[in-house]
Amino acid sequence: MTDTLADHADAGLRRGEPLIEMTGIGKSYGAIRALRGINLRVNAGEVTCVLGDNGAGKSTLIKIMSGLHPHNEGSLKVDGKELTFASPREALDHGIATVYQDLAVVSLMEVWRNFFLGSELTAGRFPLAGMKIKDMKRIADEELRKMGIVVKDINQPIGTLSGGQRQCVAIARAVYFGARVLILDEPTAALGVKQSGVVLKYTAAARDAGLGVVFITHNPHHAYLVGDHFIILKLGGTALDKNRSEVGLDELTTQMAGGDELTELSHELGR
Amino acid sequence: MTDTLADHADAGLRRGEPLIEMTGIGKSYGAIRALRGINLRVNAGEVTCVLGDNGAGKSTLIKIMSGLHPHNEGSLKVDGKELTFASPREALDHGIATVYQDLAVVSLMEVWRNFFLGSELTAGRFPLAGMKIKDMKRIADEELRKMGIVVKDINQPIGTLSGGQRQCVAIARAVYFGARVLILDEPTAALGVKQSGVVLKYTAAARDAGLGVVFITHNPHHAYLVGDHFIILKLGGTALDKNRSEVGLDELTTQMAGGDELTELSHELGR
Amino acid sequence: DGGRQETTDNSGGGGNAPGSSGYTIAMITHETPGDTFWDKIKSGAQQAAKDEGVTLKYSNDPDASKQAVLIQNAVDSKVNGIATTLVTPDALAGSVKAATDAKIPVVGLNAGIDQYQKLGALMYFGSDETVAGTSAGERIAAAGAKHPLCVIHQAGSVSLEARCAGAKSAAPGTENIQVNGADDSSVTSTLQAKLAQDKSIDYIITLGAPIALDALKAKDAAGSSAKVVTFDLNAEIAQQVQDGKVEFSIDQQPYVQGYLAVSSLYLYLKNGNDIGGGKPVLTGPSFVDKTNIDKILPFTKTNTR
Amino acid sequence: MTHVQTSPPSTAPPSDSANRVTLGLSNRILARPEVGALVAAILIFVFFLVSAPAFRSGESFFTVLYQSSTIGIVAVGVGLLMIGGEFDLSAGVITTTAGLVNSMVCWYFGMNLWVGAILSLVFCLFIGFVNGFLVMKTGIPSFLITLGTFFVLQGANLGVTKLVTGSVSSADISQIDGFASLQKIFSSSFKIGPVTVWITVIWWILFVALAAWILQRTRTGNWIYAVGGNPDSARAVGVPVIRTKIGLFMTVSFLGWFIGMHTLYRFNTLQAGNGVGNEFLYIIAAVVGGTLLTGGYGNAIGVAIGAFIFGMTSLGIVYAGWDPNWFKAFLGVMLLLAVLVNLYVKRMSTARKVG
Amino acid sequence: MTHVQTSPPSTAPPSDSANRVTLGLSNRILARPEVGALVAAILIFVFFLVSAPAFRSGESFFTVLYQSSTIGIVAVGVGLLMIGGEFDLSAGVITTTAGLVNSMVCWYFGMNLWVGAILSLVFCLFIGFVNGFLVMKTGIPSFLITLGTFFVLQGANLGVTKLVTGSVSSADISQIDGFASLQKIFSSSFKIGPVTVWITVIWWILFVALAAWILQRTRTGNWIYAVGGNPDSARAVGVPVIRTKIGLFMTVSFLGWFIGMHTLYRFNTLQAGNGVGNEFLYIIAAVVGGTLLTGGYGNAIGVAIGAFIFGMTSLGIVYAGWDPNWFKAFLGVMLLLAVLVNLYVKRMSTARKVG
């Protein structure tokens, strides 16, 4: 998988160059204002962690980057050019791949079809050209095995997989197709310790391959393990925006938890 | 909320008495055998943690307890009587409330309707009797606030809430209606640090109120904070089955992660 | 009270065992299921089959292309004779030819008076829809109709349109309206609306007996003084004719059409007869009005008129 | 049990979230699901007022109401069923079946019509039960099951009527005992000034009000939304999915029976082939009124407005005296316009920002 | 870039999971979506062989095939569209529209029929495009949009035909230039021994094969399943949802045009009211063949078998000479049986455990 990352990474990426720049981004859903005044840069070869409470607007933020929703305010620059993505297809064409929190898999379709959905391997550009089905099955199976996931049958509908297994398929897919930017919305939420470890390693590998990574998580430990830059959202606004050098794990945790932490909790619970 | 727990808890519960006993439980989905030979006891006033890899069969196990799927093999005793639940309704009638991993909310319905779905407050038993809508809205709002969640409008369709907010509604509902047994399938997966803390406190409060709690998580820290008994599943079978006194956090972590741990990982990632 | 009268069944008569003559005859029509008019054609055909010991295979579809397939069906089944309506002669030509090629005699009924010979059918029993419409038009025009309303209860039906066109040719003020024939309430309120919209309507021409009953209701509700005339008969309409609520009914004697179509094939097969001597046999239009209703009324109760 | 923490968890309950907005009255009204349909109905109404002089009278309005009520009564049931996530294609023919059973049983055996009406009701409820039972037990989509029932009833209507009466229409029942009282209930009318009001209009309003109450304010309504929106989740939290859905099918066949009684007692005889095609009018009314085809969303008043839009349009075209050959084309355009207006209003209500 | 870890993550790739099972050949065959429909088709076939002597001939079989092909060709498109999560209620009338446009344009302006056929094709594709475009742009369910188109086309067929020809059927075109060649393509037949084979049967097989290929083996097929199964997810991973769905609507109207051409060149004239109601036969064929009404699941061969079941049943009843009054009842029972068998086979295939 990590070799895949290197294979698929855009060779022209230079560490530190800004891939996505957001300035004063805001977004409303009807009467609900989910985001306002967000500034964020995604640099090549860096992991930007977005943290925050439930409902703070993290998913909304990355949906704007990945072309799922247009923003209402502010400007979005990709590779220096200002644009608004009309569809996720456009974002993918810029090499931006996303793992959505609500996963974006089609339950009734087979695992391998889901893996390649939207980026099928075909024998030619002709619309009726056959897909390379054998290759697609093999690759999907291999990439999942690299994450430590063996599905019972690569032909089974993805709806019959467990929550974590589905999550892994979505991650493996994004890693496989992400050439410049990889966006992960709570990728480790449903994962076991082992699988979480694998995902963190992937994140690091993607960074090392020069990709810009946006990593959303509720786990400050996970965030601190891989992050180069940290942003905490609160009620749609920015509450903290610092580089790794400026912030420690403790401060991060305190900011996120609003004072509570597990050790403290453990006293409170009397164990 | 914790007061609610005490209010709603069955007054006849005696700490340590077995509420649910499973012996040799097995379950197949068509050709796929998801569980086999599982023995498990849920005791009043204890938290039983079920851990395991993705796809190990944890959700399947709790779906059997909560009446969603019948088991194929083995026996299930509730309050000493052997039975197979025909529907989740029956389980609820035994005071068993569940938070499902895939949440069981109806996206198009309002938050408060979802909260009370299946257990509505009505003015009488007559089928056309009106619901106590004001009370229902108030209670739903209160219970959510106690978890630190303020939805913008208790009348908004639950589908427009963020992932974590929806999770909180499901938890608050189960806590409110669980009188004897509370089953939580990865309740903290989508939650922020603050909300996770709240859920852990609820879990502890439920235990203290004498309920039997089944807690599924991938986080050994969370598990160890509240657990009295630990079961690790592997590929549908039991890999570990120990009381708190017999097992330490380290052993638990090692067993779950198969040797990997965050600290180790952090070395590997070179940070 | 108004329940079933314990009558001895005199409509059936004696009859032979089906197929005792050894012939199988297929009748294919463009019936829309459940229409009383077609039910009488069917009854006539069944009675003839019974009388002559013929096995009758009846099938129907209002869609011309499906009717063509049904004729093909009969050919495949190697029946001895085929009786079919020819409402869309061009569309059925191919299938009729397949039948004549297979040496199966074909007779036409009900519609297709101009084309049946061209298609290769031997005989024809029926009236001409346009002629029937025209004679209705003439009669009401003579009675002073200025602005009749012709009610089409099945959109796009060729035979219904032909009737209205005929009426219009004789009474130029005729206007058409479409109603949903499968819903009496809807027919009634649509007609009621039309009568309210255009108070000058002085005649309502309905093209089926049940629709005429709805028209009477609509007329009353709208307080209109328009007169009602109709095509086809049933027991209730016969009663209304007697009571003077319906001016007249144009009867093309469907029972006769069905009966003769089957009998003629039987006679042709058995005896080489050619009924009509190369000319169509007209079964209508015959007017049923106050002058002759008393004679006809009893027959409508047995579903033969 | 003394260990129970009675203090709330240390996280103090947060106050109202900063970006919480309260909607103004106008927005709250606009957000109701039936408002879009209502605006569409008003527009079409005004349109016909302007373009069809004959439309501008109390009589016409009540003719429209009558026409709408004969569709609308069954449409209420169909709407509930669709909110519950299922279809019933047999809802059109069952009206005819209901009338035929009543009429033929009484005519053949010489019974009082009341007995026949009750037998017919039992029979219709049974059909509804069978529909629901088969859908739930086999897992075959209701579209198919009720398509089967539709065909079977359609065939049986014809076949049995022919067997019993020797023709394809039922006999006149107006002379049989019980006719007068049943006609009072199902198809009487009264005058208010020059205007004839059919009792079906009253019944329609009652049924709509009842359905609206059930949907919005009762537990059963909650269950209907839930089984339509997400039956798996509903089952998981203890909603009796099977019972609810079977009940909905039976509601539809009850209302179908009701309209069957109306038709029978208004017209005295029935054509065995009638009723076919009306099932789609009911579905159209429900959907034009804002019911989601996939279930889980909708509203009884919306369905009533949908039926009204349909009745008004189909008669309005006649009142306007437009070329009948183009009838269907006008109808199609009107329906599309109604739906577009509905949608536009809904968009307005969510897009407008307050404060 | 030299930092890239090229060794796989430390977790060694696990071997096959212990409870992974391989299905036997028989189970893999049973699990294919079209097998259930096939078994049902065979059962019904055998049933009619036994009960209808007239059914037992090559001629009858090919008449059934012909009848099935005229439904089946459009049903292929409707099936694809339904897999893609949408309905098209205008698929029935568009066949008539197609024929009428061709016939009346050529008759009125004295053009070569080829020109008319191509104009008609362009027009039909345009209708399909409008259907798709409106559905995607307004977000109104396709059921409603195409219901509107259905009404509009139905009205226009009648209104325009009346205007142009003065009657409700089109003029005979068999004398106009180009007839012979077009008839060859769309509605010729040839004999194999005593059996007449219509060219539509060949076309049907071709279209089904093409559709099966597209669904199973091409990228487009993948997209069709995805937009039907979960359009939001499909869009999120970059599937061009709008383009795919519009393409499906245009496919349906193309196949509708094709059957329109067949009808025109076989019968030379067309009745303006025809085609109405066929849209449901297409949907029935698709659903009996195992297509999910809610989209995302189905199969072209299944749809073909569904059309065959429908054609066989409706003609088999005629061959068997059963009372035509009960026709619909028989049809309904047969359809329910077909669906039940289909379901039973599917259950068998997933419940049976191997090893």
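The chains carry the letters A, B, C, D and E, assigned in the order they are written, with residues numbered from 1 in each.
Keep this in mind: a residue touches a chain if its C-beta (ideal position, glycine included) is under 8 Å from a C-beta of that chain, and two chains touch if they have at least 3 such contacts.
Only a predicted model underlies this, so the values are computations on that prediction, with no experimental measurement involved.
Undergrad: To reach chain D from chain C by way of touching chains, what is the minimum number of steps?
TA: 1
Undergrad: Look at the interfaces A-E and C-E and say which one is made up of more C-beta pairs in contact.
TA: Answer to which pair has more contacts is A-E.
Undergrad: Just the number, please: Cα centre separation of chain B and chain D in whole Å.
TA: From the centre of chain B to the centre of chain D is 41 Å.
Undergrad: Find the geometric centre of each of chain C and chain E from their Cα atoms only, then give the gap between the two centres in Å, rounded to an integer.
TA: That gives a centre separation of 36 Å.
Undergrad: Just how far, in Å, is the C-alpha centre of chain E from the one of chain D?
TA: Chain D and chain E have C-alpha centres separated by 31 Å.
Undergrad: Going by the contact rule already set, what residues in chain C reach two or more other chains?
TA: 33, 155, in rising order.
Undergrad: Residues of chain E that contact two or more other chains, please.
TA: 10-11, 17, 19, 21, 23, 154, 158, 292, 325, 327-328
Undergrad: Check each residue of chain B and list the ones that touch at least two other chains.
TA: In chain B, residues 32, 55, 152, 194, 197, 201, 258, 260, 268 touch at least two other chains, as defined above.
Undergrad: Could you please specify the touching residues of chain C with respect to chain D in the complex?
TA: 1-4, 11, 32-36, 39, 152, 155, 176-178, 180, 182-186, 189-190, 192-194, 196-198, 210, 213-214, 217, 221, 234-236, 302-303
Undergrad: Would you mind writing out the residues of chain E in touch with chain D in their complex?
TA: Chain E reaches chain D through residues 138-141, 143-145, 147-156, 158-159, 162, 284, 287-288, 292-294, 323, 325-333, 335-336, 339-340, 343.
Undergrad: Contact residues on chain D for chain C in the complex?
TA: Going by the criterion above, the answer is residues 52, 54, 57, 59-60, 63-64, 66-67, 70, 106-110, 154, 157-158, 162, 166-169, 171-177, 196, 262-263, 266-267, 269-278, 314-315, 318-321, 324-325, 327-328.
Undergrad: Where on chain A is chain B touching in the complex?
TA: 29, 32, 52-56, 59, 101-102, 149, 152, 160-165, 167-168, 186, 189-197, 200-201, 204, 218, 220-222, 224-226, 253, 256-258, 260-262, 265-266, 268-269, 271
Undergrad: How about chain D: which of its residues touch chain B in the complex?
TA: Where chain D meets chain B, its residues are 1, 3-11, 13-17, 19-21, 23, 210, 213-214, 217-220, 222-223, 225-226, 229-230, 232-240, 292, 296-297.
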